[in-house]
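Listed below are the structures to be examined.
Each of the next two complexes has chain A plus one other chain: chain B in the first, chain C in the second.
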Partner chain A sequence: MIDTFQERYENRHEYAKQWKDKTGGKVLGYFCTYVPEEICIAAGVLPVRILGSHEPQDVTEPHIFAMYCPFCRDCLAQGLEGKYDYLDGISIAQSCLHIRQAYTSWELHVPTDWSYYLPMPHHVQSPRAVPYLLAEYEKFKKALEDWTGNKITDDDLKRGIETVNKDRQLMKQVYELRKREDPPLSGLESMYMVVSSQLIDKGEHARIVEDSLKELEDRTLGRPVGQRLIILGSENDDHEFIKMVESCGSTFVIDDHCTGTRYFWDQVSLNGEDPLTAIAKRYVNRVPCPTKDWPVRTRVPHIVSLAKDWDASGAVILQQKFCDPHELDIPAIKSALEEEGLATLFLELDVTVPIGQFKTRVEAFLEILDEEDLF
Partner chain B sequence: MAKYKTAPLKSWERAKEIRADYYRNYAAAHEKGGLRWAGGAWTFDAIPAGLGDDVYPITSEPYGATIAFQKDFSDRCLQAAERAGYARDLCAYMRNYWGSILLNEYGWAEPGEERKPFPKPDFIWQDHICCSHAKWYQVVSDLEGGLPMFCVDVSVGPYEHTTEHGIDYIVGQMHDGIEWLEKTTGRKYDDEKLIQAVYNTCRSTSTWAEICALNQAIPAPLEEKTMYSLYVLGTLQKSSKDVADFYDELLAEVQDRVDNQIAAVENEQTRVMTDTQPPWAFLRVFRYLASRYGTVSVGSLYTFALIGNWIWDNGKFVPRPTPQSQGVEIKDRDQALRVLTEWELSKPEWQHFYHPKYKSDMMIQIAKDWKLDGVMLHYNRGCEGLSLGIAENRLAILESGFPVMVFEGNMGDEREFDEARTMARIDSFMESLGVPKLD
Partner chain C sequence: MAEDTNSKEYWRWTESNWRDPDIDWKAGEIISVGIDVGSVSSQAVILVDGKLYAYSNMRTGSDSPKSAENAMDWALEGTGMTQDDIHYVVGTGYGRVNVPFAKRAITEIACHARGANFMYGPTIKTVLDMGGQDCKAIRVDQKGKVVAFLMNDKCAAGTGRGMEVFANLLGIHITEVGEMSLRVEEEPPMVSSTCVVFAKSEASGLLREGWPKEKVLAAYCLAMAHRVVDLLERLGVEEDFAITGGIGKNVGVVSRIEKELGIKALKPTLDTQIAGALGGALFARALEQKGRKSK
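Moving on to the complex of A and B:
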């Protein structure tokens, strides 16, 4: 059952096309996990995150200056190459400038029926953020209604919240299992689980997670766990890289990625509030992307606490090349983790990863950790 | 014989004086019992003005550029930031600034004197429009061992889609910020000073736009290298009366140059504009354009509108009239903050953060109305904010029929600028435009 996530991830385009054929609904491509999927689902829309392909491309150079991150260029390449030609619309919730360029260039050069820029506030630590976002959600909801022709009621919103919450809660249960001395799934399997949640019908995803939980109850990796690692940083669905690290005598037990915990860690809490306010509170208060983590650095203690709770002995800090927001957090995070006794390995990702070179560095890192265990 | 008469700017010495006083006053603030604060060139500097006349700012981007202009010092600053673990591809101003803290050397010194220790600010007052703005000062606070910091998020979408709730969001943060300023400094806030500072902000930024509009004249009364030294005053302290008054005086002088056909480039035969911050250590590129080709860079959206405020009016890109000239009388704090917010949200250089089409439209209009022959885009590795969407701008400008040359560099990290290659590109571009070399 756990293999299903990988299958969904690898066949995401086919899946979305089939979903459209089956339901007659609209598919919305989104560029950042700050887009409130709850509202999209309430409108009967399938939200799918636009991801890159990790393949070299030569189509984005005229559109995005090469000093911006490879992920945003890889995402745009997918649009320019027609790989998302089934999308009915696109949307972005304001986050970093890099991915914003993928969105705006997509809007300019990839024919799309509907496009929506959602100004998600950056000052999430301000009490002014929720009222502002709520007003923006009202506009977003209205725009979705006009686009789909579906009136979105409070009941629809509650259904959207319940659907997404259930999936989040189940994934968190899976993550709890990773605290075990012998975790029942690898970091790679976990990544497939979370990323596939961004790509397929949430209800279906939750059912697969639910079934997987039964399977995982008695499962072990069937290999030595090795060093327990936390992986953190920019967007990361680089399966080749994760596979390589885990093949060198280690297991990723926890993460801080928007393709991991940052995406699903926090629930929408209704608490008698109107659904849009509850959703706004969730996105304002969620584990932040570095673009929004100021003036107080809340990510640092959160990451340290994840590393401790999941008993990680080392941290792999990944960063998409040129990713300014993460570059601005990494020195503080690295220093905090090292103060807690965790060794760190910093690596920069490009569209493709130099697996051979990285493997040498990873092996050296693991060797250091092994020696620390010895003495 | 020169085609046009030319003359140095009479206002030049006053501009230098204002800039020197600015850095001097910031450094010496504590000696007079005053306060020092740090924030970006775009921050709402009118707001701390309400704390008193002895509260002095240092704005980060011009300070980073000041360091960049001093190549050797900049090199040491950049290396210090890199040694501290900060990535080399981050904003170059930011790295220069951090390096100056790490080395504990102030980037401005009295002529002939040694650099003094970096004057630590008492608090941080910033705004957030690009990914780095708030984070810049988070790191400053880390490096200084903790500093009180307040930052206003302004990212509520493009001006043409301004909403009441967007303005409320920003104004609400400003009200919170004023309470925070009172608490942090222990000073009572003076709304009258705020109101005057808002008027000054509108006056200085509108007048600077009027000055730039005069550069539509042939010959151009100003060239961009000079404009850098003039617009910078607005980036230092747009809310100050001195800066607003200076721009009024400058406007009169530039108008006089237009009336008397006093050229910035005596053999003007070609007109171009650039884009984004220049590579500060290599401003001689502009001298090369003028002396070799009689090419005047009349400015850029950057020099016109980083602080200058403009607006679309019947299809024309024109200086935005100040609220006070439209009969607006500010009566209280809330109104002052609303006027300031609405004014700043229309800032042209904020629009492209939401979509390159806004910037392309403005640049194309400038190319038409300032009668340009071509456009030179600086693909600036030093600033992710202003290079945002620049490749799309290039395509749009080409589509509109204006030739475009691209050169890559970095405003604040000279290691990323290839001078010889840039000069060779300029030669090729001029040849493609059919511009003959001057004898």
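Moving on to the complex of A and C:
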């Protein structure tokens, strides 16, 4: 059952094409996790997150600055290479300059019927963020209605909220199990679980998670857990890297990634409120991406408590090369974790990672954590 | 012209082996070995009851297992010892998983830290390993255990390989480039690029402009020193400080690192290139002792 998530992740394009054939619905490719999937689902659209392939490419040079991050380049390459030719539309909610460049380039150079730029506010700590976003959501909803020809009612929105909330709540249950001394799933399996949720029908995903929870009840890794680690930083679905770290005598037990907890951690709470307002509040108050985490760095205490609650002894801090928002936060995160007694390892990601060199660093890092007496 | 300098192999440093004739290894209880297969050089160190008995230091070939065997054989040469007499072998370095007779692989970061602790004593707190193709800044505790480290990225700048390229370009033997770089009246501006490929073409330009070789070398040594000082300062340098690896023998780079840091490096008592293999041999001894105790 657990393997299903990896299968969905690996066959994301076939899945989306089949979904279209089966339902006759529209597929919307989105960049970053600030696009409100609840509203898309209410419109009967399948939202799929656009991700890279971690393969070298040579098609983005004319379109993206050399000092923009490898992830935005990798995403755009997928579009330029025609791998997402089945998409009916694309969308982005403002997150960072680099990924927006991938979006605008895509809009210019990859033929797509529909595109929508949603101005998600950066200053989410402002009291005006929610009313601002609500007004933007009204426009986004209207645009979706015009595009699909489906009127989106409050009931549709509530259904969208319930669908996404249910999946979020189930994912949290899975993450609870990772607190165990012998966690029932690896960091790699968990990454497949979260990322596949960004790629397939949410209801279906929730059903598979529900079934998996039964399987996980008395499952173990079947290998020593080794050092318990937290992994955090910018976008990371680099399975080769995660697999390598976990093969060196460690297990990722928790994360702060947009391909992990940041994506599903916070629910929309309706509380009798109008659904669009409730959704706007969720996206304004969610665990933020560092582009939006200012002037107060709310992520720092959040990460520290994740590390403590999941009993991690070390932290692997990753960043996409040239990702300034993350890089600026890293010194604060690093010292906060070190104050709590965690060792940290910082690594910079490119489209492909130098597994051999990273392995030396990872092993040396684990040797620091190991209590085993070499002395 | 390039072919000419290549045929003279100015980069080729002296391979060596050494043995302490006063030690009778047959009287030893634990014979432990560390083999460091690096990207440029390979070493084997043999300890008899924790005392340095013999070592070899040679160039790594294209085949890691073969390089490990060559280093081992050369260290054993003239000792009368065979591989069967050795109790525990630890492999380290970039080719650590390919050391055929190693019972365990440990990273060169841990091994250099441990080796430096043996070479310089327990007061050593910061180790800079300047290897063939990367360099590492390591902070260690008084036992020689790594506390924190930083490694440079996917790049030959600030490494032995970079210096070899310069030795060849200028036609000056690798063992002399350091000394020669100090024969300038005042320090020139450093080579602006730390990338070896770019730095090489920059240096060619300087030579055409009529710069003497000493000045070009000084400019390159300065750039190399500056780059590794960056790495050290990110980690934080605490005294005592020492430099291991091949560049540890290059006075042109070492003195410039010292100057920029404002800290003197401890004078090496042993060949700085063997630090990794030495650390490996010390770990091998500890592992063998532990194994015997648990029996």
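Definition applied: the second predicted complex is superposed on the first by the 370 of 375 C-alpha atoms of A that agree within 3 Å, B and C clash if a C-alpha of one lies under 4 Å from a C-alpha of the other, contacts with A are read in each partner's own complex, and residues count from 1 in each chain.
Just so we're on the same page, a contact is a pair of C-beta atoms (placed from the backbone, for glycine too) under 8 Å apart; a residue touches a chain by one contact, two chains touch by 3 or more.
Since this is a predicted model, take the numbers as computed values, not measurements.
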### Message
If we overlay the two complexes on their shared chain A, which of chain B and chain C does A:P325 touch? Say first, second, both or neither.
### Response
first
### Query
Just chain B (first), just chain C (second), both, or neither: which does A:I368 touch?
second
### Query
Is A:R223 in contact with chain B, with chain C, with both, or with neither (first, second, both, neither)?
neither
### Query
So, A:T360: does it touch chain B (first), chain C (second), both, or neither?
second
### Message
Just to be sure I read the superposition right, which of the two partners does A:R128 touch: chain B = first, chain C = second, or both, or neither?
### Response
first
### Task
Could you figure out whether chain B or chain C reaches more residues of chain A?
B
#### Entry: First, second, both or neither for A:Q94, with chain B first and chain C second
first
## Note on the structure
Both chain B and chain C touch chain A at residues none
### Task
Mind listing the chain B positions that touch chain A in their complex?
84-87, 89-91, 128, 130-132, 134-139, 141-142, 149-153, 155-157, 163, 165-166, 168-169, 172-173, 176, 353-357, 379, 381, 384-385, 387-392, 394-395
### Summary
Residue positions on chain A within touch of chain B in the complex are 61-65, 67-68, 94, 96-98, 100-101, 104-105, 107-108, 117, 119, 121-123, 126-129, 131-132, 135-136, 139, 290-291, 294-295, 297, 321-322, 324-325, 327-332, 334
### Task
Provide the residue numbers of chain C that touch chain A in the complex, in ascending order.
94, 106-110, 114, 134, 143-149, 151, 153-154, 283, 286-287, 290
## Note on the structure
Given the complex, residues on chain A that touch chain C span 343, 348, 354, 356-357, 360-361, 363-364, 367-368, 373-375
